[in-house]
Amino acid sequence: MSNYTIDDLEVGMSATMAKTVTEADIVMFAGVTGDFNPAHIDAEYAAESMFKERIAHGMLSAGFISATLAMQLPGAGSIYLGQELKFKAPVFIGDTVRTTVTITSINEKRKIVVLETICSVAGKPVIVGEATMMKP
Amino acid sequence: MSNYTIDDLEVGMSATMAKTVTEADIVMFAGVTGDFNPAHIDAEYAAESMFKERIAHGMLSAGFISATLAMQLPGAGSIYLGQELKFKAPVFIGDTVRTTVTITSINEKRKIVVLETICSVAGKPVIVGEATMMKP
Amino acid sequence: MSNYTIDDLEVGMSATMAKTVTEADIVMFAGVTGDFNPAHIDAEYAAESMFKERIAHGMLSAGFISATLAMQLPGAGSIYLGQELKFKAPVFIGDTVRTTVTITSINEKRKIVVLETICSVAGKPVIVGEATMMKP
Amino acid sequence: MSNYTIDDLEVGMSATMAKTVTEADIVMFAGVTGDFNPAHIDAEYAAESMFKERIAHGMLSAGFISATLAMQLPGAGSIYLGQELKFKAPVFIGDTVRTTVTITSINEKRKIVVLETICSVAGKPVIVGEATMMKP
């Protein structure tokens, strides 16, 4: 786990993690959040839907963004102020989601760090967005 | 589970759910996302931190927003296009998070529904934001 | 979540939900209940058994009945008085269990609602039974 | 785990297990079944309810019956044909549920064993019922 102070940070710094999304992840995410949308938990419904199979919760991938921010950049001790998410494409069981966060601006006076956050599968973005963190 | 068409929806319609956040929820959310930020899973670290005890992941409450949107309003068959989140205050173990979503605009031509999304604890907002959904 | 009073209810009203049963569900159900019957958790034992593969716990599907009663019909605030279950056929990993509950009688004076409860896979009943609820 | 044949069984034989029900059990049971009844997962709602605090799912205790039948008596290799459940009293977080099953009749020709099944907390029955098992 990284342990930066705000003085260690620079625009352009980047961190990444990847995780393969499994059926068990979706089952447990549904169970914790109460999101039993049939698109996630009913294979028969999903087969008739636009995406033809069960998809992962978008907020599961958003959790990977949160993990990358907290564990790597800007790392431990950051305070999460905000997140914008645009869901671009579905994530299916077996997909490996690569999450990359890149610093786009730093306000040293206000201790604010803004990062571009991208989740992609096989090089194709599935979520794009922006995180705002405070680094006290 | 609600089953609205876009013609059933009106600006001002609202839905809500509440869930008490438990230590087990935090443990499982950490396990599924990989967000092992010590603020969530290390009670000794948390005791020395700004919040004095372990806090829930912001994205766990974001999952409750996703659940309310999918299960209630705009309900089954909606496609999640985007979400903005501003984290206003921490959620502690034992807090009951009430999530409320309210339609603020509808674009019938483009099938787009925008909702204000608020998570609160004891009447105080912990996350405020906005969801954009497509209702095909 | 539905919020009926007993006056809203009528014989013949029905509600349904469906969930695909995954290996993760069986693992977690075993862990919570302590039912480590090898028919559920030992693939080698199961391969030699009458059903040729691991089967889900019958009480997992019974949990779907409870969920449908509580979340949909007769909905929030009902008190569960009794349940009869007849296990007709096994549920395998990957099966989508559709649970349907239908009101068969209402005693308005005693606030009692009786429902037929059926879990089926691909149209074939796997559990048939009857629930008795109080709706105060 | 016991491994009886039907010839080993006699009317009056009994087996028992006990488990303390925790908040984590309830959270996970809700997650696996989709039963997010606020009586189980919303402490604020529960405080205003008839029981004054969150209660466990009745089907969680039914799972303990299934566990006792499968693990102990009539043990491995039994096939669960049916279960009657009468819910007599709620189970709260921290309660220790003792489950006892006792053989009440045996039909050796049809290989059918019937058992009385009782779950109790501090000596007071919370579920009474009857299981029907086949022992091939």
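The chains carry the letters A, B, C and D, assigned in the order they are written, with residues numbered from 1 in each.
In the analysis below, a contact is a pair of C-beta atoms (placed from the backbone, for glycine too) under 8 Å apart; a residue touches a chain by one contact, two chains touch by 3 or more.
A quick note: this is a predicted structure, and the numbers were derived from the prediction, not measured.
**Q** Higher C-beta contact count, A-B or A-C?
**A** Most contacts of the two pairs: A-B.
**Q** Counting only C-alpha atoms to place each centre, which chain is farthest from subunit D?
**A** That would be chain A.
**Q** Shared numbers divided by all numbers used: is that above or below half for subunit A and subunit D, i.e. same or different?
**A** Over half shared, hence same.
**Q** Just curious, how far off is subunit B from subunit A if you go by their C-alpha centres, in Å?
**A** 15
**Q** When the centre of a chain is set as the mean of its C-alpha atoms, what distance in Å lies between subunit A and subunit D?
**A** 40
**Q** Per the centroid of Cα atoms for each chain, what is the distance between subunit A and subunit C, given in Å?
**A** The computed centroid separation for subunit A versus subunit C comes out at 35 Å.
**Q** For subunit A, which residues are shared contacts with two or more other chains?
**A** Subunit A, residues with two or more chain partners: 27-28, 31-32, 34, 36, 38, 41.
**Q** Quick one: in the complex, what on subunit A touches subunit B?
**A** Touching subunit B: residues 1, 17, 19, 25, 28-29, 31-39, 50, 57-60, 62-67, 70-71, 76, 79-87, 136 of subunit A.
**Q** Taking the complex as given, what residues does subunit A use to touch subunit C?
**A** Checking each residue of subunit A against subunit C gives 23-24, 27-28, 31, 36, 38, 41-45, 54.
**Q** Applying the document's contact rule, which stretches of subunit A touch subunit D when the two form their complex?
**A** Contacts found on subunit A: 27-28, 30-32, 34, 36, 41.
**Q** Where on subunit B does subunit D make contact in their complex?
**A** My answer: residues 17-20, 22-25, 27-28, 94, 96.
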